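What follows is a set of structures to go through.
You will see subunit A twice below: alongside subunit B first, and alongside subunit C after that.
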Partner chain A sequence: MSINSVGPRWRAALAGTVGVGLVLGLAACGDGGGDDSGEDTPSAAAIDCAQFSSFGDLKGKTVSIYTGIITPEDKPQIDSYKPFEQCTGVTVKYEGDKAFETQVLVRAKAGNPPDLAYVPQPGLLAQLVATGKAVEAPKSVSDNVDKFFGKDWKAYGTVNDKFYAAPLGANVKSLVWYSPSEFKENNYKVPTTLDELKTLSDTIAAKDKKPWCAGIASGEATGWPITDWMEDFMLRLSGPEKYDQWVKHQIPFNGPDSSAALDAVGGYLKNDKYVNGGYGDVKSIATTTFQDGGLPIVDGGCSLHRQANFYAANWDKDTKVAEDGDVFAFYLPGKDASSKPVLGGGEFVVSFANRPEVQAFQTYLSTDTWANAKAKLSQGWVSANKGLDVNNLSSPIDKLSAGILQDPKAVFRFDGSDQMPAAVGSNAFWKQTTSWITGQDTKTTVDNIEKAWPK
Partner chain B sequence: MTDTLAFWPFDPVETTSGKVVQMLAAILVFIAIMGIILFLASLAKGRSGDRAVGYLYLAPTLLMLLVGLVYPGLRTVWQSFFNAAGDAFIGLDNYATIFSDADQLTVLRNTVFWVVVTPFVATAVGLIYAILVDKARLESAAKALIFLPMAISFVGASIIWRFVYEYRPNQGSVKQIGLLNQVLVWLGAEPHQWLIDSPLNTFLLIVVMIWIQAGFAMTVLSAAIKAIPDDVIEAARLDGVTAFGMFRFITLPSIRPAVVVVLTTIGIATLKVFDIVRTMTGGQFNTSVVANEFYSQSFRSDNQGLGAALAVLLFVLVIPIVVYNIRQLRASEAR
Partner chain C sequence: MSSAPIAPVTVSDAPLKAPRETAAGKAKKRLTSPWASLFAVVLAVLWTLPTFGLLVSSFRPQRDIRTSGWWTFFSDPQMTLDNYRSVLGTDQAGGLGDYFINSFIITIPSVLIPVTLAALAAYAFAWIRFPGKNILFVAVFALQIVPIQVTLIPLLTLYVDGGIAGTFWPIWLSHSIFALPLAVFILHNFMKEVPATLLEAARIDGAGHVAIFFRVLLPLLRPALAAFGIFQFLWVWNDLLVALTFAGGGNAVAPVTVALANLAGTRGNAWHLLSAGAFVSIVVPVLVFLSSQRYFVRGLLAGSVKG
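Let's turn to the complex of A and B:
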């Protein structure tokens, strides 16, 4: 019986049968190939497993996480979940993505959200809640947040009076990087008021050195470091109440407070005597990347650079970041020594599922147990968790940041542009302040941002 | 019950072996679907059966076009009549914004610069180069040189050119790392921040597109030039035509269809340009174009309506070029 003797009908029927068989067989294939990811976990610090018993037997369940925290910062994150995984038998699936901030919205709208997402902006949190896919935080998380975090932090995770997202990590933006050895040689003192900061800048400028360096280039987000500058000065010159009104658009963006704050920033960043040390004139700020912005401090190109604690990651490996090292940071002082406003940011854990294993993991992340486990594993990370023991932090800059966050005298405010509507906070505010640094005047700048505010 | 979906073989997997399994599964699904279609087709008989077979073969493509192109297209048009959040009908307001808002007008202006300059300059460069190297020694090597940028992705090319334009101040220890500014410094001039002055910066971005596309124009036009019959050229020579006359009266008319195809193809690619702008300036310093603005309005600025309107505008702008392109193609085939 040769192949040729099989009629065309038969061949077609054979094709059909094979086809159907393959489709059915696939289900079995997929089943086998699906979950081979379990590998033996190295031992982590033992934690109290009893706290998860109320969630029932979670063995074999999976929790998926979607976040913008990518290499190398993802490693300590993933490692810090191990005690939880060992206690409960839950597998935590971590997915880091550079394009997280746009993609998470796309995924939520498409009905394909992760179990948990780490959202770095309250504005984005509000957008996610608006999709109707986010679920409220369970009581266990809410209780933990009441216990371990300040009321202001809980408020940032709250949308329309419903509490959704517990804070995860935090950062401190009101910092000025400097060279401790340069300060020592020249007998400069760390300024404690804004006036002293100005005097210090003038002193350095008088020595024919440009005191400040800055860089705002950051792809399509170019301009964001100026928004931080402006928020810091808004907070200092007009006070936290006015700042809140400004962020919520209860006072116009082109009002006198706002203009004064931007002009004050201009006193530094648009002052040819002050900038841009190591890089050229004022306009060079626009094309210097934010990662490069402060680097001239090391080789003496400039002396001061205002940037958050996470800038620590940008220094060369050989650069010692410590109070007695090559570079360190001081707190950007308030208007006078008695006030201590702090600008910062952080991530929030928003949930799209209320399965017990998801809630159990959310609860773990909101405890002091997790904060301390994470602190021991990582560099360049802090949390506003009051249960965080500063001694568990290894690097001096993290200790400084945690100290500022936990200072009872400090008045914390969240990054304003992160709370504003996206049309302003991640578009007009960046774009207009970039135009401002390349020559546009303050009035046009604030007017244009006011105009962009959604009606 | 929710666990039944864990059987689904197309969940994202991390391991290499898992990915290989997925790939094999995808191939099997393809074979299976083809098998089923062949089987169904074999059931049909006679003349009407042939037609049925034709439709059956078309069905998967049509289905995918409907799901992947027609439906999203119509939905985008629909969305463009809604507000930022997509929950209130606002008619043509988004379109009014595009043609009245100062920022959006800059976007339109830049797009016009791109579309007017890129296709013509790229085609001209490609044509001149094709004529110059035609029948020259080392022709293929010379052609390979200008064709090489075609092999580089837009993002890769943009990163290369960002380095060309890179600025460092001319002071003491600081060295230039950008080619253009280094040349300026050698000539004794001051380095310049190329990418921040509008509208010059848009033209500097256009240079990148021309750099990429000139190779494409050169290849197609060179092939067309070589296809001109030798007897025509010889006859012209016998009539004592000048070099320019040869180009004007023989070469250009003979390759006209190819020139049109090249112009329109580059024109369409230029209208859709996104990668270059996004990589080099992120649309800052007044360099945004329609495709880039559409992305940033939709996904960054959370203004779905305006984003959709910009996408529709882009679509409408491309249509006439596509129609002209197809007409020309048909005309040249009919001859």
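Let's turn to the complex of A and C:
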């Protein structure tokens, strides 16, 4: 036994560990300090504090928030709460977690829910309500939602005829990214009907350029961009009523409307003349990440990319996103110029506590005051709040998105896969459409999704 | 446990022309061949290549990471420290720095608690006679079978009821709970291999259980304790699941793995930071492993061959 030689080594190892810990710990402390002092918070405008007086004295109380909104979008969120904190003396504790969608259920089931959670899917909201831990929204919130949001939005926050969650942010998915400079050089016009979009694609394809590029790889969620494509076409070809029935499974997934929508998507995404500009053939769509999907527009690899407004964050810092810049987006047109269906998504604020400070904060989030304060602070953010002044948004793409949402002719529909049962919306729908892009035919695809629907 | 597989070495065959090989020599001959070495080298290269690619990636500019593979670095070397700067939080909020301290606060007790408890339990199982010992021992080890996923929600419920949710306690306790069965089993096997005569001698000299444990067994057990300690350290440091579930108190108690998971951003558009983040977080395990590699290997072997 060579115990003697063990001693010093063991000590050295321990010392090393502790030493490294200390060094890193100190380094971390240094960073933290630097951050605090160097932080320059954009001052949010003062707000009318009287609206919170009915909630009583809230000084020193804490409201905890749990959300999937993380860096870099979390900072404007946190900053937008400052006016409320200054008014009421409440501390808002923000916790962002990428695994939010699974963890919030675990926490609700275990009896450890946050005060408020920002839920990005009506389906998840229903699951949370089913745990029995969620509480109904107070009247002040409900009134605000009646005042500032459309009926369709209120319906998405309602479960079993009880109103739980007010909308927070929104995103617009019916957008096609393009290069304004390329359009100008070639005299292309932004299409206003689906037929014009097809003609434009053919025109570009005739110049030996693949007009479209796409990417659907996204880890375990691979395939979701195609579900958005299909929903957009379902909405356009069959109309919003059929779309709602389709989402609620009142018409089968393998019915004629659904197949027609997927075939229409195939007309673009499975058309070798159209895709996949900058990457390769049709199959390369499945291996290109959604973050990279549209990037070839900048290098001229492709001309068009259908993706939501949040895609703006994927461009390089030196790419100018504007109507006269390097890239911009246009509204994915309807069947004719008069109909304006809009596919989108958003988050909803669901509450697990009915303490006055929680209700006060919930109320603040549902006001136009908050929407405008947030608009001034952030990039790449919009809300469906009608009280939002478009001029408070700084980036052109946000203005475009808000304009689309507030258009009185717009018919908004929430992302269908987010409302379908998890077995379909976040499983079969993704997987089958991924197989579809790599060769499976439309019939097998819709049949398989129909089979996966929980009975 | 006295059937160590050592081939009988006979030295009495004097008239042999060549000296007979020892067991070790035989083993050496049998185990080393140029082909085997080549295979090992190829394996090592294949294993290291992805990590090496990650390292190279972590120094490449954002645009390069997104548009081309890391191997293009050699034809067009572009280097930047921007990724590390972002990760360490010098230019924007939410660097990994603060989470490092949390990781240490989580890891150190999560190693010390199970090692301490397991050493005591293993001693009892190995050298103290009490009724139901064998059944209890099998029961403890059988707990190893329980998948930790099924325990998450019930455990969290207990922690919430006990009022400790949102502190470090749930994480420490959970890691200890999950580590104990294996720790008890491994340390028990080490203890059992210490010759009984050694303990008898100590007992004759008047030592009780406490003295035997601290003065006879503990020094002998150091390699085993170190090996298990390192093992547990790496496990806890790299753990994400337990931290995600039980660190539900926000950034105040979340370790570096949680921060790393969030690094890519809400829609994963900052994934070019992941390679740099990964390297920052593995610095500690690598240092721990390299500085105590000897114990690790020795600890693993100590169970199989009597030294």
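The definition used in the following text is that the second predicted complex is superposed on the first by the 412 of 455 C-alpha atoms of A that agree within 3 Å, B and C clash if a C-alpha of one lies under 4 Å from a C-alpha of the other, contacts with A are read in each partner's own complex, and residues count from 1 in each chain.
In the analysis below, a residue touches a chain if its C-beta (ideal position, glycine included) is under 8 Å from a C-beta of that chain, and two chains touch if they have at least 3 such contacts.
Because the structure is a prediction, the values reported are computed rather than measured.
Looking at the shared chain after the overlay, A:310 reaches subunit C, while subunit B stays out of its contact range.
In the superposed pair of complexes, A:426 makes contact with subunit B only, with no contact to subunit C. Within the superposed three-chain model, A:281 lies in touch with subunit B and out of touch with subunit C [touch as defined at top]. In the superposed model, A:434 lies in contact with subunit B only, and not with subunit C.
When the shared chain is aligned, no partner comes close enough to touch A:356: not subunit B, not subunit C.
In the superposition on chain A, no contact is made by A:255 with either subunit B or subunit C. Once the two complexes are laid over each other on the shared chain, residue contacts for A:223 go to subunit B alone; subunit C is not touched.
By the document's definition of touching, of the two partners only subunit C reaches A:110; subunit B does not. Contacts of A:98 after superposition: subunit C is touched, whereas subunit B is not reached. Counting contacts as defined above, subunit A residues 9, 12-13, 16-17, 20, 25, 27, 29-31, 34-35, 95, 106, 218-219 meet subunit B in one complex and subunit C in the other.
Those residues of subunit A whose C-beta lies close enough to touch subunit C in the complex are 1, 3, 6-7, 9-10, 12-13, 16-17, 20-21, 24-25, 27-32, 34-35, 39, 64, 68-75, 93-99, 103, 106-107, 109-112, 218-219, 289, 291-292, 295, 310, 313-314, 316.
Within the complex, the subunit C residues that touch subunit A are 62-63, 66-67, 88-90, 92-101, 104, 108, 152-153, 156-157, 159-161, 165-166, 219-220, 222-223, 226, 233, 244-245, 248-251, 258, 261-271, 283-284, 287-288, 291-292, 294-295, 307. Across the interface of their complex, subunit B is touched by residues 8-9, 11-13, 15-20, 22-23, 25-27, 29-31, 33-37, 95, 102, 105-106, 127, 130, 218-223, 278-281, 283-284, 286-287, 299, 421-423, 426-427, 430-431, 434-435, 438, 454 of subunit A.
By the touch rule above, subunit B contacts subunit A in their complex via residues 6-15, 17-18, 21-22, 24-25, 28-29, 31-36, 38-43, 84-85, 103, 167-169, 171, 173-174, 193, 195-196, 278-279, 281-285, 296, 299-303.
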